[in-house]
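Each of the next two complexes has chain A plus one other chain: chain B in the first, chain C in the second.
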Partner chain A sequence: MEVRLKNLSKHFGKVKAVNNFNLEINDGEFVALLGPSGCGKTTTLLMIAGIYKPTAGGIYFGDKIVNEVLPKDRKIGMVFQSYALYPHMTAFDNITFPLKLLRTPKEEREKRVNEVAKLVQIEELLDRKPAELSGGQQQRVALCRALIKKPDILLLDEPLSNLDAKLRTLMRAELKRLQRRLGITTIFVTHDQVEAMTMSDKIALLQLGKLQQYSSSDELYNRPVNLFVAGFIGSPPMNLIDVSLEQEEGKLLLKNEDITIEIPSKISKLIQSRSQDNKIVLGIRPENITIDHKRGEEAEVYVVEPMGMQVLVTVKLGNLQIKVLTAPPFTKKMGEEVKLHFNVNKIHLFDKNTEKSLLLN
Partner chain B sequence: MVLNKFRLNLKSILAYGALIAFSMPIFLVFLWLVITTFSTRTEGLESLGWTLSNWSFLWKSPFGPKFQSIWIVTLNTFILATVMTTIVVFVSAMSAYALSRMKFAGRKGFLSATLILHAFPSVTLLIPIYFVLRWITKVPIIGQGLPLIGGFGFNTIGGVALVMVAFQLPFGIWIMKGFFDNISWDMERSALIDGASRFQVWWKILMPNIKPGIAALSIFAFISAWNAYIIPFTFTVGRAGKSTVLSVYIQNFMSESVMTEWNMVAAVGLFQLIPVLIFFFFTQEALLNIYGGGAKGGA
Partner chain C sequence: MSDNFQLERERSSLSSFPDSKSLFSKLKSGLLPYAFLTPTLIVVTLFFFIPLVMVFILSFTNLDMTNFGILKWWQPANWTLDNYVKIFTNRFFPRILNNTLMYVSMTLIFFNVGMALVIALITTNINRRVGFTFRLIWLMCRLTPVVVYIMMWKALAGPAPMGVINKHILGPLGIGTGEYLLNTNPWLFIILVNGFIGASFGMIIFSSAIEAIPKDYMIASKVDGASTWQTIRYITIPMIRWPLLFVTTYQTLSLLTSFEQILLLTNGGPGLYETEVWSLTAYHRAFSSYFGNTQWGYGSAWAVVLVIIGIVMAIVYLRVFKFNELIQEPKIDQL
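Up next, the complex of A and B:
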């Protein structure tokens, strides 16, 4: 089932929890709503579920507007962040609760429970109450309850955030496989970018109730449309440096008092046509800076953090602190001198005032 | 180790000592009551002659045949307490749900009004209520023509129950609202998505999760109905009337013309206490549960 949000808004008094949100989700797609805490992810999901009424705008399932359709008639399944299992019922009763309300015959109910229970391997746990289940098991019960009605759309509100790191990685892969196998259109809320990037086809990145960028994770990482996206996506985060465009001895330079980077004329033309007052933010990811190159900017090692596969080095360049990812072994010590080379083909440029990308349309 | 154990013992001895010292007066009073009911006369805790005659009210009306038997009176009291408890619990639970979960005009005002009503001295309302009940009496069937409870008008058990429900509701609503407030919204939303109606959510999901609250309110309501005196006394007619309850029945012993038989009053009082004790015995676990964290699990 396709889902479309058109100019969707939800205000709580003065708080604009969701503000003019537009989104198109194709049938069978796995879309993540990503953003920092309080950006309106849950509110959006609850509007799609029919729990909250939108202040303005429309929600479409297929061609049909569903603003006035009751939650129970929307053919959705939802897993809450808290799982929201019913404590007084066994796992079996929890899962069959939606079917019971539909007055499905008992044999049919049992058959369906066994089907979904097998899907997530909780067959032996069905006669336990939620209090007797671990967090991961509760989560799977909640997932079964969401799936048993064979919904057209699956809504997941941070279903992995209560699990420990190992189980989270495991369930991430399991959930993704399950979604592919069942082919249910799925909307997945998370504030964890790794979760969003690894699991979903497309990511909608939100901030303060507004959609910032809606694209594949690859696109989000390599072509951020504004400063917020650039700073949010990526860990360790992108280096963001205030610079201005200058011309010296026929060279085009991005510079401030600590740093100077030469850029090709193609980029400078874009800047000149788009930037109003020559206040520019240069963005470059830690992996696009090379260290210990023979020539380049001189800098001082500030701190070294080995991470196994890579080493994260923070260097000081005048007053600037810059993070660089490099392959081990890294032998330089704190306080020693290194040279930095910036890969000019991988830089991002943003207008300081509008925060929009200067390189993308 | 040894020292540790000793200190622990000393601590518990002190604790028990203090508890016993404080409960002693209450215990002695009860002991005195029990001894009195089986004695012709007492001097302090000492019986001056054992007898069962104080309990003769169980098989023979002490005031003559035109008075109700104690068993009918007990049944009346039981019906009154049950009817009142049932209505209080259901109405409180429904209005508390609305107050806890729904937004509507006047919600805040209603909440503070219930608090004020709870503190309102009920005695001041007896006369207006009398007129209301007289009016209800005139309504066909509901007024006076119902089996068991008589109806909801004046001089009926249902009428008395109705008045007591009104006085009990503010308290009940507050207790229940607290319990509903503690249940996560997500559970309710989840049930709505699962296909439940608002009423089904209330009945199938929320009510089972506030069982300790229901138990607590039931016990409070039942006991206050069982022991109520002013309202049954005011709104039923005649001490021998067919709607008499136990507390009013005891009043029959106190008349100007005959010496009050205190030992028999004590016996009837003890008799009135027994069901409460039994009730407590069966519900204490639920009562204790209130402090044990209400709804378990569900993260």
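Up next, the complex of A and C:
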């Protein structure tokens, strides 16, 4: 089932929780609504579920507008962060609750439970109450309850947040496989960019109720359209440095009192035409800076954080703190001098005022 | 071995150098909880436990106004079961029992639990502020002093042209003859009067219990396809089972023992024993006989039977609501 949000808005009093949100989700796609807390992602999900009524705009399932359709008639399944399993019912009763409401015959109910329970391997837990289940098991039961109606759309509200780190990694992969196998259009709310990037086909990144960028995780990471996206996506985050655009001896330079970088000639024309007042934010990811011993900008090691596969080094360049990812072993100590080499082909440039990318259309 | 040795050493050190400070603090920490309990224990003993034992003993005697100061009621030689025989052979006994059952069950079902639950469900499902205001207004009848409250009802029920109901509702509609409504429909008014107060208690307990249910459950049941009524039946009610048990049990017991509204409203009338309930009988026998002969022993016996009925009811409720199942099984952690 395709889902389209058209100019969707939701206001709570004066607060614009969701503001003019447009989104198109194709049939069978796995889409993440990503953003910091309070960005409107859960509000959007609850509007799609039919719990909240939009203040303005429309929600379309296929070609049908569903603004006025009751949750029970929307053919959706939902999994909550708290799982919301009814504590007075066994896992079996929890899972079959939607069928019970539809007055499905008992044999049919049992057959369907066994089908979905098999999918997530909880067949032997069906007679337990939620309180007797661990977090991971509860989550599987909640997933079964969402799937048993054979919904057209699966809504997941931070389903992995309450699991411990190891289990979360496991469930991430399982959920992704399950979604692919069943081919259900899935909308997934998370504040965790790793979850969003690893699991979904497309990510809608929101801030303060507004859509910032809607694209694949690759695109989001490599071609951020504005400063917010650039700063939000990536861990450790992108280095963002205030610079001004200056022209010297025919070369275009990005300069502040600590740093001078020459813009590659292929983008210099573009930048010159687009930048309005020469105030620019230079963005460069930690992995696109190399620590060189021979040439480059001189900097001082501020702190070294080994992470196993890589070493995160924070260096001080004048007043700037810059994060650099480098391969181990890294032998320099705090306070020692290193030279930095910026890979200028991988830089991102944003207009300081509009915060929009100067490199993308 | 080493443990024994250590113990031995501690013991010897204790006996040879009695550490007064640690002994004192031990004593203090041991007695402290009891010190905090003492005031309550004194009050409960003085005003509840001793009277209870006295009532129990009195119920086996024929202590009344005529032999007060003469009868040695505390002597077992003066104890008989006569009072209990008198209760169960009293010709008004079936009527009083019937009155009590009707009064308790009707008020409980329609108001103290029923109406309370309905109000709680409605006021928690509408605008928060409106719901809160409505509950506040409903509390007014509990806040009003009981004598004033009963006087208001008497004024409402009064005969035409004084009574509000007769004059402004029944009269214009042409119903009734304008009689004193407490004489024509005493039970209706007794149940209404008690129910309006009684419902406010359950209303407060239920609405706070309903508001304490995490919103996710409500959203989940809506997504699962439940209508409002189905959500109430399958999710809300089971989740407030504990407050339901509490209110039902508590209100049954308090209705069984409450008589002040009836005393003020009809005093058991208008007909002979027409609205006389069990606790009112106990009061009447013990404190206000027609002939000025207050039968304390006989009244106590009525009270003791009422206490036994109350205990039996409480046990029945605990069984019916399957109290054991309200306690959750421990979690079995896996995966």
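What we mean here is this: the second predicted complex is superposed on the first by the 360 of 361 C-alpha atoms of A that agree within 3 Å, B and C clash if a C-alpha of one lies under 4 Å from a C-alpha of the other, contacts with A are read in each partner's own complex, and residues count from 1 in each chain.
In this section, a contact is a pair of C-beta atoms (placed from the backbone, for glycine too) under 8 Å apart; a residue touches a chain by one contact, two chains touch by 3 or more.
Just so we're clear, the structure is a prediction, and the values are computed from it rather than from any experiment.
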- Put chain B and chain C onto chain A via the superposition and say whether they clash or fit. clash
- Task: Based on the superposed arrangement, let me know which partner A:K129 touches: chain B (first), chain C (second), both, or neither?
- Result: both
- Message: Applying the document's definition of touch, where does A:V18 land relative to chain B and chain C: first, second, both, or neither?
- Response: neither
- Item | Which of chain B and chain C A:L45 touches, first, second, both or neither | neither
- Query: Thinking of the overlay built on chain A, is A:Q138 touched by chain B (first), by chain C (second), by both, or by neither?
  - Reply: first
- Who does A:L167 touch here: chain B (first), chain C (second), both, or neither? second
- Mind sorting out which residues of chain A both chain B and chain C touch, each in its own complex? 46, 49-51, 71-72, 76-78, 80-82, 84, 86-88, 97-98, 101-102, 129, 131-132, 145, 149
- Query: Which positions of chain C touch chain A when the two form their complex?
  - Reply: 214, 216-217, 219-227, 230, 234-235, 238-239, 241, 328-335
- Can you check the complex and tell me which residues of chain B touch chain A? 184, 186-187, 189-196, 200, 205, 208-209, 295-299
- Query: What part of chain A is in contact with chain B in the complex they form?
  - Reply: 46, 49-51, 71-72, 74, 76-78, 80-88, 97-98, 101-102, 129-132, 135, 138, 145, 149, 162
- Under the touch definition given earlier, write down the residues of chain A that touch chain C in their complex. 46, 49-51, 70-72, 76-78, 80-82, 84, 86-88, 97-98, 101-102, 128-129, 131-134, 136-137, 145, 149, 155, 167
